[in-house]
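For clarity, chains are labelled A, B, C and D in written order, and residue numbers in each chain start from 1.
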Amino acid sequence: MYVKDFKWEKDITVKKLVDNMGQLGYQSVQLAKASEVIIKMKKNSAKTYLTFTSNMVSCGLRGFFAQLVKLKVADVLVTTVGGIEEDIMKSLGEKFSIGNFSADDVELHERGINRVGNVFIKNESYMKLEDWMNPVLTKLYQKQKRWTPSKLFKEIGLLLEDDSSILYQAAKNDVPIFCPAITDGSFGFHLYLFQQKHKDFIVDVVADFGNILFTSNHDEKKAVISLGGSISKHHAILSTLLNGGASYAVYMTTAHKTSGSMSGATTNEAKSWGKVKDESDVATVHGDVTITFPLAMIKALEVFEEEGLLPFGGDNNE
Amino acid sequence: MYVKDFKWEKDITVKKLVDNMGQLGYQSVQLAKASEVIIKMKKNSAKTYLTFTSNMVSCGLRGFFAQLVKLKVADVLVTTVGGIEEDIMKSLGEKFSIGNFSADDVELHERGINRVGNVFIKNESYMKLEDWMNPVLTKLYQKQKRWTPSKLFKEIGLLLEDDSSILYQAAKNDVPIFCPAITDGSFGFHLYLFQQKHKDFIVDVVADFGNILFTSNHDEKKAVISLGGSISKHHAILSTLLNGGASYAVYMTTAHKTSGSMSGATTNEAKSWGKVKDESDVATVHGDVTITFPLAMIKALEVFEEEGLLPFGGDNNE
Amino acid sequence: MYVKDFKWEKDITVKKLVDNMGQLGYQSVQLAKASEVIIKMKKNSAKTYLTFTSNMVSCGLRGFFAQLVKLKVADVLVTTVGGIEEDIMKSLGEKFSIGNFSADDVELHERGINRVGNVFIKNESYMKLEDWMNPVLTKLYQKQKRWTPSKLFKEIGLLLEDDSSILYQAAKNDVPIFCPAITDGSFGFHLYLFQQKHKDFIVDVVADFGNILFTSNHDEKKAVISLGGSISKHHAILSTLLNGGASYAVYMTTAHKTSGSMSGATTNEAKSWGKVKDESDVATVHGDVTITFPLAMIKALEVFEEEGLLPFGGDNNE
Amino acid sequence: MYVKDFKWEKDITVKKLVDNMGQLGYQSVQLAKASEVIIKMKKNSAKTYLTFTSNMVSCGLRGFFAQLVKLKVADVLVTTVGGIEEDIMKSLGEKFSIGNFSADDVELHERGINRVGNVFIKNESYMKLEDWMNPVLTKLYQKQKRWTPSKLFKEIGLLLEDDSSILYQAAKNDVPIFCPAITDGSFGFHLYLFQQKHKDFIVDVVADFGNILFTSNHDEKKAVISLGGSISKHHAILSTLLNGGASYAVYMTTAHKTSGSMSGATTNEAKSWGKVKDESDVATVHGDVTITFPLAMIKALEVFEEEGLLPFGGDNNE
């Protein structure tokens, strides 16, 4: 394929831009390829695992993830527990602000503000979460003593009734959410405090490993879309691997492979899983996910919509 | 400003997406800010220096750079000589292809193909450049013996008559192109071979330093848009600095400040120039320029077009 | 402090080199600062949390981590479960090889080799782990039905009797190992298979959150040395934060703060914890941990040894 | 080769550490390989091109570069003009300081301080350079009107008489210094001001391209050690390529190949030059050069010294 000189045209849509990116070098063509791989996932009815880290929820991609669940584009979610917390906080009406990467951290601390890059979260938002969590845990504990994380999130999701909530949409659409490190956040602290009062309260992470394994089987096609690295990426890869490997994989990350980290591991690895045989079925895109993911996914959504692959004709208001 | 959950809407335009990015965290909001700074440059009639490295010409941003010159958005260009060569090759009909970052380099060499990331350039393209250069240099030498690089590029540009050519559009629109390392490429090799036959042929880089200094003065507002690093970035900053400093600066790069390189230097430095006083007048965006630059610039172009700030109503076909 | 021109001297030691780095710019001086912060941790008897990701165990830093536990330099460990698995495999006699980042992944798969960057792990190593795990889990289950991860690792560690093993040294020296995502690896798969046969087998991650909280208290000084990012970094920061914040922090990472990820979060954040007040008590070093960590830590160890701060005079053979 | 668990031993030397790195994964083994490639360069009497950017001179590697010239390890130097300026300033007694990456740039500006990452350079140092340059240029102009950059630097070097000066050692040891963008710095500004008064003063960059071409020929072995990217890296690669390609190549950089930049281009490319056939003759190391270069080079110097390959037995005091 030849490089084609890009030119702006008035009112250019995102879809048109991503089409053009397919003939631009470096990460542009990678992004356009990622979009094509996502389209293949859907057209080939692959079970699709979407993974993201909590910072992507805080920054405002939350609504997009919820929308993707609603539109049946993501079948299984894997994330870190911070993402669960922030999704709940937002459903409770809390707002995060956009600040500055080089804000004065000592001053922020004095003002009770927590910084995640250039996103600010108030202490009060954490307190509101705490206040809400306690009665919810009590009610759930009355139902049963032993919970898997995914079952907990489903029950919580049903309580939220917020169209933009990941947990709510997931619960409503029977999309399980896995979180292999459920205690690694203030959520974990609340679980701990609750267990202090109820020694027989158990969060069974081992059983949830079985649950993620049973989200797919050897015979069906599987696909992974991983945003960022961490255990959310690793867990989705691991569970599809144990079921024979993913057929499609898109990794979007700022990390590089040179330090041997999971965050920087490329989709070439996917080929070593033994399922992915064709170069055209995997794509790694280097760059900030807040920019690359909307671009690649919007192109795919527009195609799905044109081809009638979305529920309710893609109408977000149902 | 609050984070706003992003959601896809059918047929979303690039402008709309970048508007949304203004309320997304991390590099999204940085990109939206960069777009705002570019809009300010134009509205405040700042003399705008656009810098890029040669790989951005090879990858297909060439047509966009040419268009920006035509639309009077860039007033001065600074680049590395590879960008000059590839612009000419393309005007001579050569095509580059999109390949693979992990192509077999030994095999490529045997096939006479040169790799720039995932962009491939054939040896023949370089030979075509060579064949074309010789008579052109002879003709120019007959005019005068001592040339500055910017004067050379202008004469060459006028010969190209290719609407998508950076050199052609620059020559036609009186936008000077500076290239402080004119010998660092096959272009330099041809100059050297020519000088071997014509000892009094001189390329006067010192005089061109004066020329870039006189592209602006202390009293007018100056702006820098730097894509990537290298001497093209440094040269634009240096020359605006010697004229009192830029009022606006947008840096787009994959490099980070942690190694003290010019590529990774941030716009915070711009504040140390003594002219930029307001946070809202500078923006650094981390990411691949083939993705971030079209996004930020398209948003600005749409605004310019709406507000009648483009020549011929922004009509590319004049 | 002035920059001092570096010069090589014959037989230069690592300690001398790191001393020199204190007067070299960019990441050199950051590394030298990190070394000073580590020295302060020890001299001020801070409880020290060392966190690392599994790839650092695979690559060969395993022996160094074990040594640091033995030398009473690390008081609490936090890691991902892959690091646990690979530590056991090595104690069982398995060897990993050094390969190539651009190895042919399809071919590797056919040969039963798994790639982690440029480190190769054979399928057989995983099978050996599996064979060893089953009887161990059975024996532990006979002791009790409900285990925290840290208690499990301690029992396993005592079985290994390998001086270079992290688990063995930790168990022997009463250094707890925390792993908030214990199911995210083949270890988790074995736990799951075991639980299928023994429904009342429980891994209690919630109780372990209490355990990490009780490794320190508000009144004592706390310190964090984080290698790489992921939940291991986050978990140590979170648990020291809930006890009033760390007084000292060293982060070593290849990630940058620009994408808002935990991996790239800097020690400036540590100041927002409210405990770290002095610039000289935190340091972030950008670079591959396999290079930066040995350098910074060796300098500290040499100082500890000189000042009699190591047990058995630092004699590794006791 | 198997991974070997690293352990600290008291008084460990840099050579021993780098030996150990040869059995550690990720960038450690890359660094150890780079050291081996540098050793091969010397043992096979390859003409060695050392390239670096100006920030590496400012940060304190200047003395090391000068030492490498003196020890006949580098045969040709390529750099950016900032490195020339700062080498002279230091020879004139100016000192740079080590500051902070996040210093207040507005305040620095008011105090007349220029920031390069975490290295600070005073305005006075630039003024001192200016005062010294003028009479020197006058004297040189009296000798001849037309100068190549490399000839200029040689004359200047002879005037400096400073053992730690790159220009002085290069002049004394007949090692040419090339700088394809000689005007891109305050040096260029002084050349320009001088030319204003002496219109026939010419800096002939085209002739210097011939000079770098004649530093080697097709028949001899050539080697490139590139620190950072920019035109210094490109120029060395280009000139060895035109002479048939380098046999050995070591690239040390913080940039990655994913954006198609010269800074991030890997030594795999070197294979496409057609000369490098063996994996063991090239190495790319990702990381901050202030850390990686001293390590790899010291190991090589210790080997050279042991094997009697250094002049005056490696005695720095001659």
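Methods note: contacts are C-beta pairs under 8 Å (C-beta built on N, C-alpha and C of every residue); 3 or more make two chains touch, one makes a residue touch a chain.
Just so it is clear, the model here is predicted, and its values are computed rather than measured.
Under the touch definition stated at the top, subunit A and subunit C share these contacting partners: B, D. Counting C-beta pairs in contact across A-D and across B-D shows that the higher total falls to B-D.
As a whole-number value, the distance joining the C-alpha centres of subunit A and subunit B reads 36 Å. We define each chain's centre as the mean of its Cα atoms; on that basis subunit A and subunit D are separated by 45 Å. The distance from the centre of subunit B to the centre of subunit D, with each centre set as the mean of the Cα atoms, comes to 27 Å. Residue positions of subunit A touching 2 or more other chains, listed in rising order: 25-27, 55, 58-59, 102, 116-119, 256, 258-260, 268, 286, 288, 290.
The residues of subunit A lying in touch with subunit B in their complex are 1-15, 17, 21, 23-31, 55, 58-64, 66-67, 90, 95-98, 100, 102, 116-119, 164, 268, 279, 286-288, 290-292, 294-295, 297-298, 301-302, 305, 314, 316. Of all residues in subunit B, those touching subunit C in their complex are 25-27, 102, 256, 258-260, 286.
Subunit B contributes residues 53, 55, 58-59, 80, 101, 105-106, 108-109, 113-119, 146, 180-185, 188-189, 191-192, 195-196, 201-210, 213, 228-231, 234-235, 238, 242, 254-265, 268-274, 277, 288-290 to its touches with subunit D in the complex.
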